[in-house]
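Two complexes are shown next, each including subunit A; its partner changes from subunit B in the first to subunit C in the second.
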Partner chain A sequence: MSTTTTRDLARPAPAKPSKAGPRRGLRGSGTFNFWLFTGPFLIGLLIFVYVPIGWSIWLSFYEARFTVTPSTFVGFDNYRFMLENDNFIGALGTFTVFAAIIVPTTWALSLGLALLVNRLRFMRAFFRSVFFLPTACSYVAASLIWKMSIFNGVRFGLANTVLGWFGVENIAWLDNPNPPWYWLVILTARLWLQSGFYMILFLAALQNIPGELYEAAAIDGAKPGWQTFRHITLPQLRATSTAVILLLLIAAYQAFDEFFNLLSKTTWGRPPLVELYYTALGDNQDYGAGSAGAVILTLLIVIVTLFQGKIMGFGRGDESK
Partner chain B sequence: MSALSNSNWDRRTVLRAAMGLAAAGGLAACGSNTGRGSGGGDALVQYFHAYGEAGTEQAIKRYAKAYKDANVATQWITGSNFESKLFASLLTKEAPDLFEFHPQIQLIKSGQVADLTDIVEPVKDDFNQADIASHTVDGKIYGVRMIDDPQFFFYRKSMLEKANVEVPQTLDELLEAAAKLTTDKVKGVYLGNTLQAVIRPMIWAAGADTLNDKNEPAYHTDAVVDGIKQMRKLFTSGDLLLGAPADYWDPSALVQGLTAMQFCGMWAMPVMQEALGDDLGIFPFPKVGDAGKPSVYNGGWSMFVNAKGDRVDEAKEYVKWLWIDNKEYQEDWALSYGFHIPPRTSIAESADKLKSGLPAEGVKLFNEFGHFDNIGWTQAMIKATEDVFADAVRKDADPEAALDKCDKVVNAELKKLFG
Partner chain C sequence: MTKAAPAGGPRRASRGRGAMGSTGLYVSVGVAALLFLIPFYVLVRNALSTDAEITGEEWRLFPTDIQWGNITAPFEDTMVDFGQSMVNSLIVGVLHTVGTLLVCSLAGYGLARIPYRHANKVFYAVLFTLMVPTAVTFVPGFVMVSSLGWIDSYRGLIIPGLFSGFTCFLFRQYFLGFPKELEEAARVDGLGYWGAYWRVVVPNSLNFFAAIATITFINGWNSFLWPLVIGQDPSAWTVQVALSAYMTNQTVNYHLIFMATAISILPLLLVFLFLQRWLVQGIAQTGIKG
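Now for the complex of A and B:
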């Protein structure tokens, strides 16, 4: 970098006292510093994450209804119950559908928004903020707005009012699963909430692409528009895209609020976390089966993540680049 | 980004793995939020679900404030899943000392609620005997009924007249009436968005029951299967209001003219009368099939004391003071906000508000067609029948198959409770 030389000029000669080493004691024990800085974090991690995980694994081998300190050991019964449980298997299916739709659509929408905003000559900051703002809204609040005012089933709901202009009958978006309009409600809510955040990530990445690349491409005869986008922009965004997809998948795994708030008393449209919530904390209070489900889910996530890491090379470090 | 140095690799890998597990750990850690802020310090804590009627929360807090022997802090639980929040909190140190709920035997079997026989016994004869029976297990009384809430249909007389429709006497007639009453602005009937409120009334109206006297499933009959099929027909007919902003327990759908008939509870009667005047009538859930009988669900709420709390005796004292001794407040609670039928015979008999007009008709339906809670019919079983309606009415699963699935859950639950 060009700043290196100036910095060298400006910097005073290396401090001599450091060689005498009065502070050597502190600096020398790297191990101590390591624990000093990571210790608090690790303690929190231990208490709030590893202990609950361990407890959960322990619970999963016990008959634990209405208690978290059970005494009846049941071996793998809870695992058998969960794996034979249609609702739990259905929940994994629901999640797969959900992730298969929400990940690419959010990716495309946020990239599209980023490209549009990046093109703007003026008011860029304004539009950037406007698109980013929904990120600050809570999922619960958004769910309520979606449920009560936009997608309620009566004639004065926003969606039904608009459709009414075209002579379409009122649709019970959330209560009638046939056709499954509830997906539209859930997906649009999540798109609205999360696209802005990923747009910012893409925007940053777009602004990092050196202009020289586009100039060189233009000189080599690449047409502006699709060709340039396909062969310059998209490959340059590869690292960001990978990260975004990974983050989106994690967010999809954690989906809970909108499903929980938008759908009630259903046997459908429940991703794993909602299903486990109803098993462990709902009317049944069955912590054994709930924990077994959580362990199964964790194993699945671990497998999928390792597999994904293999394919996308994420987390392999900078050597791979 | 470029790595600072390659020697960090090990630690970073460790941390990254740790972070990964931390993300997964969200699974194990969820559910720690009990919905409570800091407790009331030295106060007794009581849980109430959020009643819809104006003034109810203030009333409960006013009664608590009038109690001299202890501070009582009220948690007013909003949202539609009161039972989940209650059950979850009962496991923790944050558990309420007393709470309102419905009589359900698993709370007694697990030692969760305290025996209140000693405070109820002296005034036992002044209670509606059905309410005493529904709270009694092996001769012990476990809860104090505060209010009885009959649930039935409300309808707009003018709309039925205009469409030339008689008050439905059977479920078939209800479907026909709904079809005739439906216009482009108004739907024929509203049963709530999830239909869960009419499950038990429909079972009773089909001549069946939740459990029989021997605590065996009694809901899986041909008449119930037929009822479910008719409900499915109604659900897909386009005559049923769905997706209303307020659920069945709120009078809004009827008052706002979204529907001509609505299944609701007597609690909403004052609001409906105020909005609609005389343009209001009521009828029970009509009979299903020839062998059926109209039915009314006599729901309601009762006070229970958390037997696992630290202050059982103080909580019992408070329950005795308010819900046994203090008739003025009991009457206020039953009649000043929504309409509820006081479970105390002496209060019910002197309640002028319930003696004439539509409220009196409500009381008549309560007495004539009412079914009270069965203490053996627990939340897990209620949930199982809700799944039946979800699968076979809101989705198009076979009712027999859905009921078979329900049988499995109910039988497993019965085995746990009664052996």
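Now for the complex of A and C:
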């Protein structure tokens, strides 16, 4: 191969034995070692990812209530049932609203925090830690704090207490969908939980921007502030921004914990995974319909991911890395 | 507030010396930090108050009489076995972390470094699983685990989560950048792939392992959906499932559930305080979602 010739030219003698050595003995055999290293992982992947997915696809074509070894083939009935099911379609709507709000707000907040922290001279580590700390909390813990205290619907909830100082009546934040106050509760909880995490990503990216760019811009007469932000910082953060938006979208898509805990026992405001949970593991234990729903959701996220990768230009993102 | 910050902040601060700019910067950061700390304040205040004070007419800034006795309350509760759930979470969290690191790092190394004709095909099989969001596979995963008879067991809580295509992928990327010379030197000394891996590669990669371990532990400790599905019996609940049960219970002991929440967060706060360096490094390198 051509690589061998260039290698020999570059490093004549010592490279050869070290390159050829490991390939000879049994211990150095590539095939054996490859399976030795990857075998445990691949077996697990097969049993706990591939087989379940295959099983689930199979189940989705059967009438499978309370059983995972069904015998009644029903064709696409489960898919038809899910796609004509108002709850499931409603869940897709809930996800769309949720993603449309949470993705841009988290992006803006985490970028804003990163820009602020990046400017600090004193107590920088302290402030970074403060914004990062909520990442230590689980969605369940945050839901509890939000539901039981901050957004408690009665008078001793913190939000209602503060509103009470201004003479506003108590608001039942989570009790009914109209007006949809529950969105405020869910969105603030998630913003608090995940912004610090993405701030860290943006901070790392900000520190990788070469200082010369700003110096050059200053020489060219660019005003520091909005101009340099718009024409240097933002373009330099392109790869990170793309990755953050994709991660946020996937995270929003998988939202379960806070909806399940904040809106327990409601029939409204359910995102797809909560709906799926009640379909497959609720009172009906309808594994057929649940599996069909999982297949539909998987197809949707694959399409969205590929589509987003296309428009946001993943190739370019990699290049600038 | 935060929208205005990126536009206003940099301009002022980059002029730098102006006392005004720097004051504005610190005021906005300070306000944001206070807002971020409110939930922690509420948590600590409620955990150390009596129920009468929590539900009282007036908002008390802090309990007049700090109730240290609340610390034992969750462990004495008869409705939810909080102590057991903490033990479960610790065992699951630690084994989940150790297992994931072991299995995924080996596979990542194999994919990155060991020549094999079909290595690419195997890699694509791993990449494919990244397209399927793990959370969506809980229905098929449950089907599989229940037919193995692993419901309500540590096996069911831990093993299915070990085979993370994403963690494997991260290890592969990392090992691709690992200096080849070190391994070659080890093999000149007569070590095979296995020996070189354990004696040279792993000891020189401890930073990366620590970073991945920290993030894996946090994710394991905080995960809710899978433990909820697997832990049908209260004895198999993790701490997150126990907290969730508090919210749906008929009777609500405010001081108890806030104390329980505080205790459940404590291990991770310790992780944050002592391992923050690796955590930040890990996140910056990988961008794993928690």
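Throughout what follows, the second predicted complex is superposed on the first by the 277 of 321 C-alpha atoms of A that agree within 3 Å, B and C clash if a C-alpha of one lies under 4 Å from a C-alpha of the other, contacts with A are read in each partner's own complex, and residues count from 1 in each chain.
By definition in this document, contacts are C-beta pairs under 8 Å (C-beta built on N, C-alpha and C of every residue); 3 or more make two chains touch, one makes a residue touch a chain.
Computed from a predicted structure; not experimentally measured.
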Which of subunit B and subunit C A:135 touches, first, second, both or neither: second
Touched partner set for A:115, first subunit B, second subunit C, both or neither: second
Subunit B versus subunit C as contact partner of A:148, first or second or both or neither: both
Broader residue contact with subunit A after superposition on the shared chain, subunit B or subunit C: C
Touching partner for A:40 - first (subunit B), second (subunit C), both, neither: second
Interface residues of subunit A shared between complexes with subunit B and subunit C: 34, 38, 42, 45, 48-50, 52-53, 55-56, 68, 148-149, 154-155, 250, 254, 256, 264-265, 273, 276-277, 280-281, 291, 294, 297-298, 301-302, 305
Residues of subunit B touching subunit A in the complex: 1-3, 9, 11, 15-16, 18, 20-31, 80-81, 83-84, 87-88, 90-91, 106, 110, 112, 185, 193-194, 196, 235, 238, 241-245, 258, 379-380, 382-383, 386-387, 389-391, 394-396, 416
Subunit C-facing residues of subunit A, complex: 17-19, 21-23, 25, 27-28, 30-31, 33-38, 40-42, 44-45, 47-53, 55-56, 59, 68, 108-109, 111-113, 115-117, 119-121, 127, 129-150, 154-156, 158, 161, 192, 194, 196-197, 200-201, 203-204, 223-226, 228-229, 233, 243-244, 247, 250-251, 253-254, 256-257, 260-261, 264-265, 273, 276-277, 280-281, 287, 290-291, 293-294, 297-298, 301-302, 305
Of all residues in subunit A, those that touch subunit B in their complex: 34, 38, 42, 45, 48-50, 52-53, 55-56, 65-68, 148-149, 151-155, 157, 169-178, 250, 254, 256, 264-268, 273, 276-277, 280-285, 291, 294, 297-298, 301-302, 305, 315, 317-318
Complex contacts: residues of subunit C adjacent to subunit A: 2-3, 5-15, 22, 25-26, 28-29, 32-33, 36-40, 42-43, 46, 54-57, 59, 103-104, 106-107, 109-111, 114-117, 119, 122, 125-126, 129, 131-144, 146-147, 159-160, 162-163, 165, 168, 184-185, 187-188, 192-195, 197, 218, 221-222, 224-225, 228-229, 240, 243-244, 246-248, 252, 254, 257-258, 261, 264-265, 268-269, 271-272, 276, 280, 283-284, 287, 289-290
